[in-house]
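Pasting in a structure now, in structure tokens, and then I'll have a few things to ask.
As written, the chains take the letters A, B, C and D, and residue 1 is the first residue of each chain.
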């Protein structure tokens, strides 16, 4: 039974790069630095079948060369945003190698904030990770998707869950007052690669957080939808947004001695199993 | 700018279940047990839009109920394989809830082996994780995909990489003797849900490992293709197979004092960055 | 050859608890909450030998009971700080069980910050983890140690490393301008259990960060010492402080095409191997 | 308030090295290789105060040099065991640098097994990690401790826990039939650095596993003690052994529909919280 190679891709993952930007130069100890760090995945598709089927490597840009390329491009690119750097990387591979038909770049930023207004000291204490993906197919416009991972938010009241499906496999009671906690992942696809990525990012995240706060939540589903819809409203540059809100459960603790009341005060925190809720909203 | 809910799904992830099977019963301390453990993700799609858009939970089978269901089904299902249990779970949700249009079940097994031929003592020392995914869409046949994760294999010779694309971004020299090491992930889609999953699994894995050993590797790409093609040949029940072989680099160490030779003896082991090579083979 | 049980301890680890505090009460949706979360390890020593040597469990407070106890105590304790809650837990076990001779409690806080000045919405985006350990030995004063983990800081200049030991195993050149980055762990033992833990914590961390910024670093060792000494100076309640500063290397990238200059602009970020530097400073 | 540097140490952690040994040499594709891999931590103590207190680096053997040293020594050392290589490393630092007073080397092996009797193909599928620590203080004999981590074992019956301390904080019932599962860590200190480390390791582990199987367990404590005592009996070269047996709970699942019996068949597997039991046995 003969087989065929129906898909292949390859590249280098976890190319971790940092860059010192020097927008205002001065004497060594007063020069004002900016410090950016990202992990970059590069994947290539194209005319690479012979490497798989025939051990013919002539068209293969080595994954080591992909790595070299990321560092080389980081020298001249200002790394203003991970999205813009992703575009630089994707355009390089499509521009330089005629046999590459598609380049996919995924980036995760490790955010450094200025420390104590020092010109060159930084602290990285934000657990939220900005992400971006750029997919550039030869002859097409680049598709840029921005995102965040590990955004952990909670409401300690103004959240309930009632009137859900009832059958003999259900044991969870209705509740009109519970903790809603989630470690949110968001991804928003930009309508165009000319977007102002940083501004859009700030608008999307700030809008979602404000929406998270402002209502009584009847379910994770409802809150997710309100947040996603608000982000689409606030950021016209966004074509589509996907939110994933795993429920990080804080369960009412059963207190000892037996009969001790727990009036929504003390909770058992668990990582697994966890409720998983995900939805995509697009413009009409 | 109005928006629409273009996709949604929800469920419970990381439902971790273990089961004692008692195929040969006897006195308490001689009864011969089998011990199986898996982590199960359940995701549902269907008529759930009102929960997102209107806070109407009436159709929502709570994720807590999904969890209850996994344990309830584990009582009567023999858990022969994670694939067969995944089918049981998916069929339950499609059969019981008319408004569920698709159920996706992902499972990872934590393998317990018998210890010292004891009837009831076990050891879990295999780092390889069997996986399975069952997708059941109402009105269609179930699609079952089996797999393995974390299968770490290496060749200390009989592997090279030469004649790959040369330009001024390339610094890696040609080599005809290097270490090839990878932490392989494989996924094979079965042509039918009636397959003998355990036998197919053994055939696919054993065949791939035998193929890994038997040739001089001109690239990860070539070796991946040989292994995937051999698996398709050996297992007619498999319709398609995807292998991902991240290159876990063992780089020749530069030895001190300066000038000390390193004749392929001592290597620096690194986790990142890593070469990423993936391909899918289907039957013609 | 007979053996003896020379040491034993047991308890429950990773008891994860959250608590809603209601310092200012009001209507359900305006009541101002505070939200605290911690993971608690409890370990007991005492007259437990018979459980090990003779299967006699009568003195064993089950680890499940230890867990129940943490939740029970979290109801009445205000959880002002992890240190004060650790004292509550340790004193409970010593006070209630005469055969317990020592109780060790370790706590890690998961910090929730108020979101958008909401009375009941929170965000947990600080990757730094406050830690505490309370050791209470029967008849002695409690020993309280506070700390932080995962405090990642960097200087992009004003850091060098020169004139270190030179021999033929050394290949690292002298440098007067490098990135110094570390993921710091700090632990400070309080002179007394009556300390104002929150104020001391703020003083120690703020002082260390200010000291990190203010000097040219001749080595991680020197900077670590300056930071620890400054913390001892600023916080008289601290008897001893230990800092561990693993060097998270940002190595100057070798750029392609060959010959491209890299004037301290682009760096390769690596997690391993990493330099490990640790020291303890005590009062004279 | 003046302070003093009461302790310091530094070194390189996570130096990951692999080595091809060629005990039987032949033609390239028939030469029989052995393949070993380890991660090595090196820590030095000695006359290093001036680096901390005065920015004087002259005595500092750079952590980069420590790394170079591990690779250099891996060339000539046969890497028979991680213990013997740890001794080589420790002796090198004490022998070469007069101002180093103590060298501590910690090693974790990543075990490669021969695959399909190939002379040069290997698989690393054992999740158990052999460990070793060598501490060499100038003028003293080296102290060698061997160990294993992540040895996951379970008994599905022949384990109970009854008659433990009863009070109103206890909710766990007595049980005479439960699952006992643990991810064991063991460390055994050798009486002498001349021990046959590999043989001792095999004896200790095999003996403990055999003992784990052969009895009705009245508690984790009792089983831990029986296993440790058996290891001391079987391996005269061992002076002291410490076992840590975190209880990886498999809790009887409460089945739906309400009232469904669960006759020790289906269990909820949890990682946290977990019971923690540890003890050290020494020779009389």
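Things worth noting here:
Just so we're on the same page, a residue touches a chain if its C-beta (ideal position, glycine included) is under 8 Å from a C-beta of that chain, and two chains touch if they have at least 3 such contacts.
All values derive from a computational prediction rather than experimental measurement.
Although chain A and chain D share one sequence, what matters here is the overlap of their interface residues, and that overlap exceeds half of the numbers used. Of all chains, the one whose CA centroid is most distant from that of chain A is D. Note on interfaces B-C and B-D: more C-beta pairs are in contact across B-D. A separation of 24 Å divides the Cα centre of chain A from that of chain B.
Distance between chain B and chain C, defined via averaged C-alpha coordinates, is recorded as 37 Å. Centroids of chain B and chain D (each the mean of its C-alpha atoms) stand 28 Å apart. In chain B, 16, 39, 68-69, 72, 169-171, 254, 256-257, 270-272 are the positions where the chain touches two or more neighbouring chains simultaneously. By the touch criterion given at the top, residues 16-20, 28-29, 31, 33, 35, 37, 39, 68-69, 71-72, 74-75, 112, 115-116, 118, 120-128, 151-158, 177, 179, 209-210, 212-213, 216, 250, 253-257, 260, 262, 264-270 of chain A touch chain C in their complex. The part of chain B that touches chain C in the complex is made up of residues 168-171, 254, 256-258, 270-272.
Interface of chain A with chain B (complex): residues 1-16, 39, 41, 43, 48, 51-65, 67-69, 72, 96-97, 161-165, 167, 169-172, 218-222, 224-225, 228-229, 232-233, 236, 240, 242, 246-247, 271-284.
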